[in-house]
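Order as written gives the chain letters A, B and C; numbering starts at 1 within each chain.
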Amino acid sequence: MKKIPSVQFAACLVALSLIAMGLGLMTGSLGWEWGVSWSDPIVQDIRLPRTLGAWLAGALLGLAGALAQGLFRNPLADPYLLGSASGASLGVAVALSLGLWGSASFADMSEAMQWAMRLGLTGMAFVGAWAAVLLTLLLAKGVEHTLRLLLAGVVVGVVLGALTSLLTLVFPQTLPAMQSFLLGNTSMLSGQACVLMAIVLLSSAGLSWIFSPLLDGLRLGESTAHSLGLRVLPLRIVLLAVMGLATATAVAQTGLIAFVGLVAPHLVRARFTGRSASLLVLSALMGGVLLTTADVLARGLWAPQELPVGVLTGILGGGYLLWRIHSSQMAGSSA
Amino acid sequence: MARLALFICMGLWFHAAVAVTVTDDRQVAVTFTQAPKRIVTLLPSLAETVCVLGACERLVGTDKHANWPASVKALPKLGGLDDTQLEALVRLKPDVVLLAKSARIIARLEALGIPVLALEPQTHADVHRVLQTVAAVLQLPNAQDQADAVWQNIQRQVSQAKTNIPVQAFNATVYLEASTGGYAAGEASFIGEIMRQLGLKNIVTSSMGAFPKLNPEFVVRANPQLIVLAQPMVTHLSQRPGWSTIAAIKNKRVCAFPSAQADILVRPGPRLGEAAQLISDCVLRSFAP
Amino acid sequence: MKPAYALTAQKLTVQRGSLSVLCEVDLSIHATQWTCVVGPNGAGKTTLLKAMAGLLPSTGELHVQDQDLRMLAAKDRAKMIAWLGQQEQGSDDLSVNDVVMLGRLPHQSSWVGADAQDVAQAQTWLALLQLMPLKEKSLAQLSAGERQRALLGRALAVQAPILLMDEPIANVDLPNQSDWLQTVQQLTQQNTTVVSVLHDLNLAMRADHVVLMHQGRVVIHAKPDDPLLHKALMEVFAHRIKIHRVADQWVVLPI
């Protein structure tokens, strides 16, 4: 397939983003409605932050996914590799369980419980995601060996997942809310959430851009990267931290959205090769387009009911990957 | 003397010959040659049903979520809805186990020769039917009359609750949230039925299903006058984008219930009269001038 | 005055666990000449090369052009020593152009990326190594020889005065081997110091200097004509080889 230069690609993705966001503003509980009046508070207060928030969360996940695939040199890597997904789920499960267990009097609860209640679901998801990543890094004893990191991530994911299941067993009333988190939920995104995500996105993208030469060097192997003057260990730590931050922020606001982080870099690489820096930015833009589109479909297909946006990204993303595998097999067998 | 003995014998024989056959929710006919004396329930509403029919002392074990009446809390707990502790159950030597139709342990219990009755009330009509079935199984004197009396009592509670609804609240639009994550309770749900009997209009019609996941925009558009949270997780409703414009929130007509009361609202069972009263009390408070 | 030795090592030791893989090596690599490191499997050749490139932790003295290697900043060291590893991996979706451009990383700032000079340099090396027609092809589509040339182009694009290569022509056919020899000659003529590890003794004997290693130590460091080198080779390879003089070249054959 012919490759597209980066600037053109970026412009194309920005245009697609604007179209998707425009559609988002026109889709709501009444399905699609042509034309939108800006003064309508529903548009201002609900649709605008939600659509923008979906784009920002998608961009964060796309960026994190590109970082994961570059750092681990594995096209199947996704941002949830280091256990951040299970950590966030556990954080939410704890918050929900405390909410149920919490007595009427705030003062009766222990320090930790009060703190958790104040953080709320979003804060607890964020803390949980970070705690899991740190646990993985501890278990892998640093970032030197990517294989150890991957294994540690799997272990942490399984253990924290088991703890989450245990909590939902003891408090089955939390199940519907947990399910909503696990399937992704863009319905309650507020203006505040958008501002927060925008700040994190800009700083993550900036840091990734500066430290992206590591990803370029790693494409030829660690020794070569080393020989090209890249200080592999410290750079890897910084990029892993950026990946963790971007993922945790997105997950805290929208729950676990599948496949966006995995598929966005793939879609970009299908039509683009070049610097990792450009790849990262394009993956972010692509992620934004993907999630905004999924959110619009989630709202519009079955209005006024909503499909969980994670189900749509799973179907679309999974479908795309299947098609890729199929077409590469066909190409391989006919070669 | 001989005639007395004959009478007694006939009486005993008569008593022993009364076998009751009922059809449970699986459409399976279950026969009880004797009234069960040791009952295990694995669904909270079934424990409530047994107690409300006055046979509470026959309960020997319940699931861990059963908590009404207070005496039930002291009974041995046999696990949740899907992870029953089989050994503990068998050791209690129950004459019958009352459980939900969807319980996975049914096959196991039957294989062990323990009589099983699957009853799962989902609607108000179900509650009446379950009362009748359980009364028959318990072989209470005048079983059907007893069951009907209990049902009448429940209906009376609901009517009483309805009269407490102030005039301003007649036909008020209401939004019921069943759990955080946007699941609403519609007209087709159990609590939705209670709302309807109280004369309140649910913004979620029966065509949308019992527990649809709603776009929050829909609630803002519908602008309900009252919001009832059937789960004890009151997250800051006014902070949800666009929700500060909703009439119910502006006028502070939000009914939230702590966990013990929330149970009554969501469990389809014989305490629906109480549920109606809880809601009407809250409506009265919210619409007070 | 230009130093006579590009790389010097004194008592260079590399430990792996409790095992000494490299044992107190003293070695001085002649500048602008081609040195070949040979020895049986497991002699420590790759370890020596990696240690001298600064890619492995080691103890002992290590100087590059009179500067202490370990005190150099990573980028400065990268601009002085270029490295081409054994079985170097490259992501299969990289094009030949991308690969060669990656060699310019030590010269780039992370903000701007590649500039016109980088592109020009890369083009020069692509042309020199006859890679121009293959420029846009991805690594997966190349033959072993072409792939090696692309990776060599990457190492050359660094434009470092010292080039270290570990088994650079392992799976490469004879014509490509001939090309490689020519390239090395050209490099030394342009004042680049080349150090290569080769297991093919015939090619190794064409170098300016030969370093023979055995069990983590340097046995001898001499010119190919030196009879002491021949004697040492026979000993290290357990007299299973014979060294012949054929058409003005040394040829080493198994017995």
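Following the convention adopted for this analysis, a residue touches a chain if its C-beta (ideal position, glycine included) is under 8 Å from a C-beta of that chain, and two chains touch if they have at least 3 such contacts.
All figures in this text were calculated on a predicted structure; none of them were measured in a lab.
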Touching both subunit A and subunit C (chains): none
Chain occupying the middle, per Cα centroid: A
Subunit A-subunit C separation of Cα centroids, rounded to whole Å: 43
Length of the line joining the C-alpha centres of subunit B and subunit C, rounded to whole Å: 81
Chain centre separation in whole Å, for subunit B relative to subunit A (CA means): 41
Residue numbers of subunit A (touch at least two other chains): none
Residue ranges of subunit A touching subunit C (in the complex, touch as defined): 73, 209-213, 216-217, 219-221, 223-224, 226-231, 269, 273-275, 277
Of all residues in subunit B, those that touch subunit A in their complex: 80-81, 83, 178-183, 208-209, 212-218, 220-221, 231-233, 235, 239-242, 245, 258-259
Residues of subunit C defined as touching subunit A within the complex: 50, 53, 55, 74-79, 81-83, 85, 88-91, 93-95, 98-99, 102-103, 105-106, 108, 110-111, 113-114, 151, 154, 158
Contact set on subunit A toward subunit B in their complex: 28-30, 41-42, 45-47, 49-50, 96, 99-100, 104, 120-121, 169, 172-173, 176-177, 179-181, 185, 187-191, 299, 303-308
